[in-house]
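Once you've had a glance at the structure underneath, I'll fire off some questions.
Which chain is which? They are A, B, C, D, E and F, in the order written, and residues in each are numbered from 1.
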Amino acid sequence: MNDPKDLTHLTSEGDLHMVDVGDKSVTTRVARAEAVLQMKKETAEAIRARTLKKGDAFTVAKIAGINAAKETARLIPLCHTLPIEKVDVQIEEMDSSTEDARFRIESLVRCEGKTGVEMEALTAVSVAALTFYDMCKAIDREMEVVRIRLIEKRGGKSDFLAEPDSKS
Amino acid sequence: MNDPKDLTHLTSEGDLHMVDVGDKSVTTRVARAEAVLQMKKETAEAIRARTLKKGDAFTVAKIAGINAAKETARLIPLCHTLPIEKVDVQIEEMDSSTEDARFRIESLVRCEGKTGVEMEALTAVSVAALTFYDMCKAIDREMEVVRIRLIEKRGGKSDFLAEPDSKS
Amino acid sequence: MNDPKDLTHLTSEGDLHMVDVGDKSVTTRVARAEAVLQMKKETAEAIRARTLKKGDAFTVAKIAGINAAKETARLIPLCHTLPIEKVDVQIEEMDSSTEDARFRIESLVRCEGKTGVEMEALTAVSVAALTFYDMCKAIDREMEVVRIRLIEKRGGKSDFLAEPDSKS
Amino acid sequence: MNDPKDLTHLTSEGDLHMVDVGDKSVTTRVARAEAVLQMKKETAEAIRARTLKKGDAFTVAKIAGINAAKETARLIPLCHTLPIEKVDVQIEEMDSSTEDARFRIESLVRCEGKTGVEMEALTAVSVAALTFYDMCKAIDREMEVVRIRLIEKRGGKSDFLAEPDSKS
Amino acid sequence: MNDPKDLTHLTSEGDLHMVDVGDKSVTTRVARAEAVLQMKKETAEAIRARTLKKGDAFTVAKIAGINAAKETARLIPLCHTLPIEKVDVQIEEMDSSTEDARFRIESLVRCEGKTGVEMEALTAVSVAALTFYDMCKAIDREMEVVRIRLIEKRGGKSDFLAEPDSKS
Amino acid sequence: MNDPKDLTHLTSEGDLHMVDVGDKSVTTRVARAEAVLQMKKETAEAIRARTLKKGDAFTVAKIAGINAAKETARLIPLCHTLPIEKVDVQIEEMDSSTEDARFRIESLVRCEGKTGVEMEALTAVSVAALTFYDMCKAIDREMEVVRIRLIEKRGGKSDFLAEPDSKS
């Protein structure tokens, strides 16, 4: 395991290439990812004050995340273009007793294909988080994305489920 | 400060809009951002074993980051299209005494324009980190981006410099 | 019928999402749409005077429409990316006894897929009409698109055929 | 006037080309456009029933329109890429005593440039209307865009203001 | 053979259209193409002097070629969007006794689809060659692409294998 | 001259980067490029037989070339996004006494900017040539692009004019 020869995008000579998925079978591929955006409590309050009325900020971030999932193969050079059948992006404020507020973005992507949709799920939450940042940056430049990770992958050679933890 | 009315993308009715930059002045805008990608020590060793020869993995991530900076206005709905004059992306392994290895990606973006390039700098490091993840995911699905943040902004109404800290 | 719960992109909570087409069957999907562009008779005469020679204006609009069909999922946020197998765009001047001239643009799009190609057909005629407008706007800013509609849809749960009418 | 030689995208031989704007002066360019989408009263009621809660449908259409304005030069072959400084898209239901309901979409686009932003404004309302159609099409395939037109243009060689009329 | 009616993108009336591939069968499609870039010997030496260390120039051109293959249907108006399963781009310096140096770029593209991937393979080598040119143009503006051609096509109605020749 | 340190996209360590054009002055930049596409005489005759009527094939290739010029910065990783003010693409059959027929594509691109438009001009002719190839490939797979080169560059630090020669 963790054998360098499993770095699938690099040949034994260190050459990069796009993995040939021709011999893989078409199965249902699902991936879920999450991003956590941390900001000052006052920033979160300002968001709530403005968006309680119409929810626009959340909708913009969701739309940006969904669109980004469809753009993944254009952003990540060695990714394959996949026929995505579903993208869902949810954003919610996390319970928090600390001095900072946190918003958690979760994506779910599904396709019938020869390779997985992990990168699509990760791209969706990343761009949704950046979009959220963009809308709030005028009042809080110190916001940070403190986590982007894959939380589940099903279909293909092996499944994966991240350990739940205290951070999210 | 942190007044909800400074949420520039949202009107007082909560409507979203693209900020009108027509009255802003054209100045030199610079932004730097960073992303930190954490992985198992074995994963980092595998990368080094493969890429010592040719450096491809780093180059792919850099190119993806540079390209993504140019795509920012298409990914982040309320961003303006800006005439970027320079994008630089650097990736380096961080010193580490912990059980995990960490790679740090830093971007610098510059333009002459009416609005800043913070989102371009953040998009560059985010996509570079995802590209790096993509190339290593076959051997380590538990890699995580543990930080994406703005580290500097110059030009425009106010400058910003993040506090250095132990994390990066 | 016309039950709010059939607004497929909105959940019962009003949340938007990309429809999950995972359980739909792959069938041949066909859609036809039309757009009607109205202009002064003198504008139409100018077009004919110039384009009788080479037909370029019509070709540009057709190409723009075909290209736009392929871009649909990037323009319409909740659309799926579909493997389009055929796009055809035709433009013709309509018979007219009125004081205005009218050009009619019709598209036909076909794919084998899990969801229909109505949006692709509508996008094709819309962008073809805008391209036509672009080429004529210097002499007639009052041109108007007076109709964009779906005229036929086959494949999937139900078929649809618009009523022919006097307008087109 | 209405001289064929004013068809600026076509040379006297009928050849098409991208207009050379090199000698034009940089001025503030503003354009406003509108689209009117007509649907059954029941469809409009379903939209209101669902979106009163969160307004998502309107937000999605607005975002799609803003994004499309930024994509104009990629959709309309002979358009120039312009540094857009502001895009605004508004959607409202029109008063109506007829048997159909109507939603009106208005865009405003502004830039400092050598050529106008009419196509950007028209593209914004067209794509916003198609996006709205997409979200409602499952319950009303007979929706129609009954008007897309330029309502105002300022800057450059000449200004234009459409006549108000009963239709909108 | 060479019958005008085999110009598949043009109807008998000379109208262009996107070929309908609906009735074609899904088979494995492979295409290989090559581009040859010629430059002064001194230019090639400068490239070797700089890139021996890290190989970046070659990697950038490869990545650009792979990305371009995925963009083919957006660049070539009548091309279909295809689910590419593999793209490989290789660059090597050719043996040469002449006064000029030559780099040869070869691509291989594969998909399961209803139409071939020749244009994808040709687009990959063309954009890789242009990218290489871009990186060297400051020292040699007289570089030329002296050949772009299809070298192999398999799958579909007929196979094709170009004759090897002295030029490459 | 031909000093490795003039490879502007590579640092002395061999690192690639996007050139910083911040200190360059804005001047009028013009570039012209050419591509030559060679085919069997019978292929050229078939094109003439079909296109004499409407000229569509030439128009499609021209449009594809113009669009590609606007996409250059997305295709060539280290290129800057430039505000192109004019793109012209012309295609003509070359006189020929040889056994093959040749079509020559010439582009002219102009902008006011801090860096040149050579890559835009080269990309325009390359994609126009590929589009032409696409439309003819069903009857002649042996067509070849036998030349792509810069023929003129004005503006910036130095001008360049290629030597005329017998090949084109």
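Assume contacts are C-beta pairs under 8 Å (C-beta built on N, C-alpha and C of every residue); 3 or more make two chains touch, one makes a residue touch a chain.
Computed from a predicted structure; not experimentally measured.
Looking at subunit C and subunit E, the chains that touch each of them are A, F. Contacts with subunit C and subunit F are shared by D, E.
The greater number of contacting C-beta pairs, out of the two interfaces A-D and A-C, is seen for A-C.
Summary of the copy comparison: rotating subunit A onto subunit F for the best CA superposition needs 180 degrees, to the nearest 5. As a whole-number value, the distance joining the C-alpha centres of subunit C and subunit D reads 15 Å. Centroid to centroid, with C-alpha atoms defining each point, subunit D and subunit F lie 33 Å apart. Rounded to whole angstrom units, the spacing between the C-alpha centres of subunit B and subunit C is 39.
Annotation for subunit F: residues touching 2 or more other chains are 16, 54-56, 59-60, 63-64, 67, 71, 74, 77-78, 81, 83. Chains touching one another form the pairs A-B, A-C, A-D, A-E, B-D, B-E, B-F, C-D, C-E, C-F, D-F, E-F. By the touch criterion stated above, subunit B contacts subunit F in their complex at residues 28, 59, 62-63, 66-67, 70-71, 81, 83-88, 110, 112. Only residues 16-22, 73-74, 77-78, 80-83, 114 of subunit A touch subunit E when the two sit together in their complex. Across the interface of their complex, subunit B is touched by residues 1-4, 6-10, 13-16, 40, 42-43, 45-47, 49-57, 60, 63-64, 67-68, 71, 74-79, 118-119, 122-123, 126-127, 129-131, 133-150, 153, 160, 162 of subunit A.
Considering their complex, residues 54-56, 59-60, 63-64, 67 of subunit E touch subunit B.
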